[in-house]
Amino acid sequence: MGLAAREARLGWGLAAPALAWTGAFFVLPFAVMLALSFARMEGRAVVPALDPGNYLRIATEPAMAGALANSIEIALTVTLISVLLAYPLAAIVAFLVPRRWQRLALVLAVLPFWTSYVVRSYAWLLVLGQKGIVNGTLEGLHLISAPLEIAATRSATVIGFVHFFTMLLTLTIYASLVQMPPNYARAAADLGAGRWAIFRHVILPLSLPGVVTGAFLTFVLCIGDYITPQILGGNAELTLPQLIMLQLGRSGNFPLASALAVALMGVVALAYAAAFRWLRIDRT
Amino acid sequence: MRPLAWAYLAAAYAFIFLPVVVLVAFSFQDGRLPVPPLRGVTLDWYAKVLSDRAVVAALWNSLAVAAVSSLVALVLGFLAAHAFARVRLPGSAALRTLIVAPMAVSSLIIGLGLLSVFNGLGIRPSLVTAGIGHVVINLPLCFAILYAAMGDHQRAAERAARDLGASEARVLWLVSAPMLAPALAAAFFLSLTFSWDEFIIAFLLTRFDVTLPVEIWSMLRSGLSPAINAVGALVFLISAGAVVLAELLLLRRRT
Amino acid sequence: MTAGLTIDRVVQRFGDAVVLPGIDLEIAAGEFVVLLGPSGCGKTTLLNLIAGFAEPTSGRILIGGRDMAGIGPKDRPTTTVFQDYALFPHMTLADNVAFGLRMRGVGRSARRERAEAMLDLVGLSGRGAARPHELSGGQRQRVALARALAVEPEVLLLDEPLGALDLKLRRAMQDELKSIQAKVGTTFVHVTHDQEEAMAIADRIVVMNEGRIEDQGPPRQVYLNPRTLFTAGFMGEINRIPLADGRSPLGPLVPGSGTLCLRPEAIGTEGPIALGQARVLEAAFFGTHVRAHVAPVAAPELRLVVHLPQKALPAPGEVLTLFARDPVVLP
Amino acid sequence: MTAGLTIDRVVQRFGDAVVLPGIDLEIAAGEFVVLLGPSGCGKTTLLNLIAGFAEPTSGRILIGGRDMAGIGPKDRPTTTVFQDYALFPHMTLADNVAFGLRMRGVGRSARRERAEAMLDLVGLSGRGAARPHELSGGQRQRVALARALAVEPEVLLLDEPLGALDLKLRRAMQDELKSIQAKVGTTFVHVTHDQEEAMAIADRIVVMNEGRIEDQGPPRQVYLNPRTLFTAGFMGEINRIPLADGRSPLGPLVPGSGTLCLRPEAIGTEGPIALGQARVLEAAFFGTHVRAHVAPVAAPELRLVVHLPQKALPAPGEVLTLFARDPVVLP
Amino acid sequence: ELNALVWCDHTDPALLEPFETAHGVTVNVKEYEGTAAGLTLLQQSQPGDWDVLVIDAVDVGRAVDAGFLAEMPAEALPTADFFPGLAMEENNTRDGRTYAVTEKFGYNTIAFDRTKVDPADMEDMASLTSGKYDGRIGIYDYYLPVIGLVALGQGIATADITAENLGSLRAPLAALRKAARQVSDVVASQTALATGEVDIIVGGGEWLTAVLMQDNPNLDWTIPRQGGLRWAQSIGVVAGSRNPDLALEFVKYIVSPEGQARLATSSCYWGMPANARAGDLLTDEQKAVLRWDRQPEYLARAQLYPIPDAALDSAMQDMWTEMLNQ
């Protein structure tokens, strides 16, 4: 056997475990759920079929289309805000914090997430409530006369999400900032660029792949999450994952729930296509 | 400019720590409800949690599931990233997309699908099946991080090792893995974080031995309680202590 | 646009380390000065102080008579060609070259025109739409030069711009740098650790060692009449023969005390100074000459390197009678 | 341990591109062969085929008489010194050097001893506990050499190992490579695009161009009697004077037709061939000589490069009478 | 060993340990929430994996339809001692065969903070949408009881809800939503009530307030004039159980006075025991919290959850979804 063939066999051998795992424990279950999304409910029984009815319902029923729209709006808002908050934070850690403290700074940013997602979400409820810390502080400072209604609104959902994803994005953006050779910024300064121009013309474009990778991850994880809108959002509006849970909760409408999940994946696939150009994973 | 930046840093950390401070503070609540006002300070809830066999067992289960599943995801992701970075396999772009695809699919779907597949195979739900599910969601993460981190630098070193007579396994173990140590650590800890907090798959794919999020979920069914805060706080305080200690030791050794 | 440069008792410390203990240097407008010295001697540090990337611990830097204290790189009349080029990978060549003009608020069409002209100057006409990664090392180097020159700096700083190129390309780029400088008239301060490069391009070579200026002058002077042993050794291969009151291990050669320095090409079969007989240890053909290691018969523990004519390839063990010229005696 | 090498009609294609159209080469055991050629001519490709990093499209490679087909790099009796060294950054120098022995199952203490000895050989005794990043470029290069030699390969392959070093260090390392090869006796196949380096170290130079062997032989032969114009130009600067039936723009010089090649150092104020008068265009001091561009009075559109003695620095416009020696006429 | 698929009140060691020691076995419990989740878990299991199932009384029929429950000997169960109407034969039996037995019940009505609202107002559902309490109401996030309550408010008995009259509930449900601040699960509802975020929880009851009593004695609940809903949970033996006898023993233990007393005051949530004889084993304080003495009156005024067929169920769910997204 030639070297090239041996090389290829080795490659397949190394990739095989991951591919096999993905095939057995992802593709197969996913195929089952995909098939289910075309099934029909007759009474309370799931009847196998090739019925696009569930997808038609999603497209036509205002409540479902509305949930889809809410999900996309929230995910986009969260992604945008998180990027705007995380970028300066990552930049400060990368450029202003002394090198030896940078790792500690990052680890500290991750630690709060080693508690418990659910408990943390309830803690947010206390922070954002009418008698919570935020309103208490603002009232104490006489900045507001009546408490702000934050808890049980979309704002609370967004804040809860932003909290988590600011951490995640700080990590990915930081990584793309520190691996940038410092000479680019110097060259720009040397040619007469001020701080803002350096950022705008050099640092920002060069860190874009890291930002987009993190933003994509944020969008995907955010649009698929159930807990934050459920706890913090107070059901002020429904998101797609909540709708999925509702279909499953008592009536067990698996076909519709599966179709909703597939629709969710379709949105993610669109996001993937939009971000594709900049995603690290597909650079060959 | 600089004071502004430091102020921003402080504000950002305040934001990140705000709910955790609240969470920890009310774990000391002397009363049945972890809501303001703080009525007094007690360690009773910690005592209660630590003497609750179910919680302690769930803690260990969670740690085991998170550690083992992250390790498996790391190894699989590492091998696959290595293969794709090194050998030009036909259809490799499509296969790479396939490996990262689970990231885009709701855990609920993965969990339900796995449940029916396992049932079809006659496999009982257990911590092992939950771990398998966690590998499915962590593998894309590990793969993506490691694939992005692999560069010409270690390709050259790997080649040198082969030239000096190293078998493929030893190349991986003695050269590639140590050189990728930072990326491996990052991938491992992110996986650990995700697995630690994962609920839906763990709920669907376990029976009587459950992980911490599932245990917390059932504790929550009887309503909010400082005991639940104490569980979160305990994990936080222990990991924070460990990390800060490790960091200080490392720093001291280096200087 | 060109300006002179004054470096006035400039000291640079990093923590405890004194990297530049005190540099005084005067560079005339339009001069091509090369800073030459071994790795770590402080060349980049000095260049960074001129460019404004760092501020000296003490001392003053004047460009065109204006004190640069407190003025950032953005506002100095200098630009730099970096060793790794630092071309912006996300911009086309034209955008790279026009970047400085854009920062100065020059309009789009004027910018484009000038970028085209600068790419022309460095022999890359018509490549404006390409991206840096499509270029070879030598081409990138030229783009970096064009980018730095596009804003018509008064002083151009070059930090080992040819270090990453292969020898042949390097020699070609040296000729080009020299001719471009002649064309634009800008003051060039060029850093290198390659003495052949320094001699090929410099109006004046400034030899640095451990943060101090060891020697300076036109190439010929620095090469043939070095002020110190360090300079002598750094400018090219050299044979050192100890000398005390005119006496050496080879007998009386020249008057004086210290070290007698002889370049390998100054030793041969004729010349004013008789070195006596020497045994050939090894010899290798070097194209333009044959390079041989020899041991004088009178002092067999001494080793001399000599360049012999192309045709003579002596066998090891052969004994030659050697003469020398151009002696330099240094303390 | 040393072995010869046979490359037998080796062809290498990448997709449609034919990088090596068919190489035949015989290398004797213990020989120091340098593959010389411009960038992209296929040197690294050939070296990779010998090391086993790739397999030829067709043809055979034999080492010590044994066909290497199907044998991976791990099992070939070759080791490589890479251009970027490829040292293992996470291991100490001793561990780097001992790596190959470890792979061969040599015990810990024997390994340590041998690593120490190899570091000794390359002048790094006592540095075994350091890490690669603490070393300068030249030192790293030596560690890479020690690592490759530690396993006593039958053939050592070196891919531009000195490319990243500065000139002075490069010359020093060339001397060292040569003497280490003499000591260990291993066959060395060394790749470079620096013809000075090739001449300094090679027993035999193999000149490559576009995947073919243009010329080969000892340095002197390749330099002074090149077989082709390409070799002549690549081995050093050359003046080309068209020649038809003994007639040239400068009048009759030597018999024959084709191109008369004269090296710059073969032109001067004396010699067997009279070139007539020439006007100096520019001249620069180059240390061992003065390099001047001149235009013959008889053919003012022709440009000649000549090396004049150190002392003569003619002013532009001055007219010299030139003579030449060592003429080579190539078709 | 006994494997039980249960609600969280069955995980209290105080409830399980006496049974475990008496029979020398361990009882493994897995909690679930939502009938569909429980049925899915059963469906995705091998026969013999489960021995005991706890399920919403109104959903016993679904489990029987799916063949998940085994028949129990009716004579072994002390239904005679149950509160009147709690044997719930129409739910727990099919064709004269008993498949499950009621074990615990309580009410979904209106819970409130006595100091913040006028308790008299809470006796009338109309006051919720009168404007007086706008923004101070929380709705429990479960469509069956809340739609049931709304129906009662419109004078429609829960058993009479049909696809035809469901539409008439849309406007009142929307009005309630408009007056409410949030629609949330148990914990968020409790938190909101405890922090004063809201003062009224529609759909709440003793199961919501009992655990908060200690810290906030002002919390109260009532069944308004128009009526309230009664929830009930049943327990049965899973078909195919490997230990049918032990499983039956467990069911008998749960509905015995001892088991009932412990279940009523289980750590997860409190609720009335179905077996009235459990009263002998409860303390006076416990009975006070459970409002033992007022049960006859409550039972008379409360109605069962609606029991929709599949089509009506999904119509209710759609109405609920629409209300959430309004």
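The letters A, B, C, D and E name the chains in turn, as written, and every chain counts its residues from 1.
As a working rule, a residue touches a chain if its C-beta (ideal position, glycine included) is under 8 Å from a C-beta of that chain, and two chains touch if they have at least 3 such contacts.
Keep in mind that this is a model prediction, so the values were computed, not measured.
Looking at the partners of chain A and chain D together, the chains they share are B, C. Per-pair tallies of C-beta contacts place A-B first.
When every chain is reduced to the mean of its CA atoms, the largest separation from chain C belongs to E.
For this pair, chain B with chain C, the centres built from the Cα atoms lie 55 Å apart.
Computed from the mean C-alpha positions, the centre of chain B lies at a distance of 54 Å from the centre of chain D. The geometric centre of chain C is 25 Å away from that of chain D, both derived from CA atoms. Chain D and chain E have Cα centroids lying 89 Å from one another. In chain A, the residues that reach two or more other chains under the touch definition are 122, 126, 131-132, 248, 254. Residue positions of chain C with contacts to 2 or more other chains are absent. Residue positions 35-36, 112, 116, 220, 224 of chain B are each in touch with at least two other chains. Of all the residues in chain B, the ones that touch chain D in their complex are 156-157, 159-167, 170, 174-175, 178-179, 181. Residue ranges on chain C touching chain D, taken from their complex, read 39, 163, 166-168, 193-196, 199-200, 218-220, 223-224, 234-237, 263, 265, 284-289, 291, 307, 310, 313, 326. Chain B meets chain A in the complex at residues 1-2, 5-6, 8-9, 12-13, 15-20, 22-23, 26, 34-36, 75-77, 79-80, 82-84, 86-89, 92-93, 95-110, 112-114, 116-117, 132-133, 135-136, 139, 143-144, 147-148, 168, 186, 189-190, 193, 196-197, 199-200, 212-213, 216-217, 220, 224, 228-229, 231-233, 235-236, 239-240, 243-244, 247, 251, 254.
For chain C in complex with chain A, the touching residues are 51, 53, 72-75, 78-80, 82, 84, 86-90, 99-100, 103-104, 147-148, 151. Across the complex, chain A meets chain E through its residues 41, 43-44, 61-64, 66-67, 70, 122, 125-126, 129-132, 149, 151-152, 230-231, 234-238, 243, 246-254.
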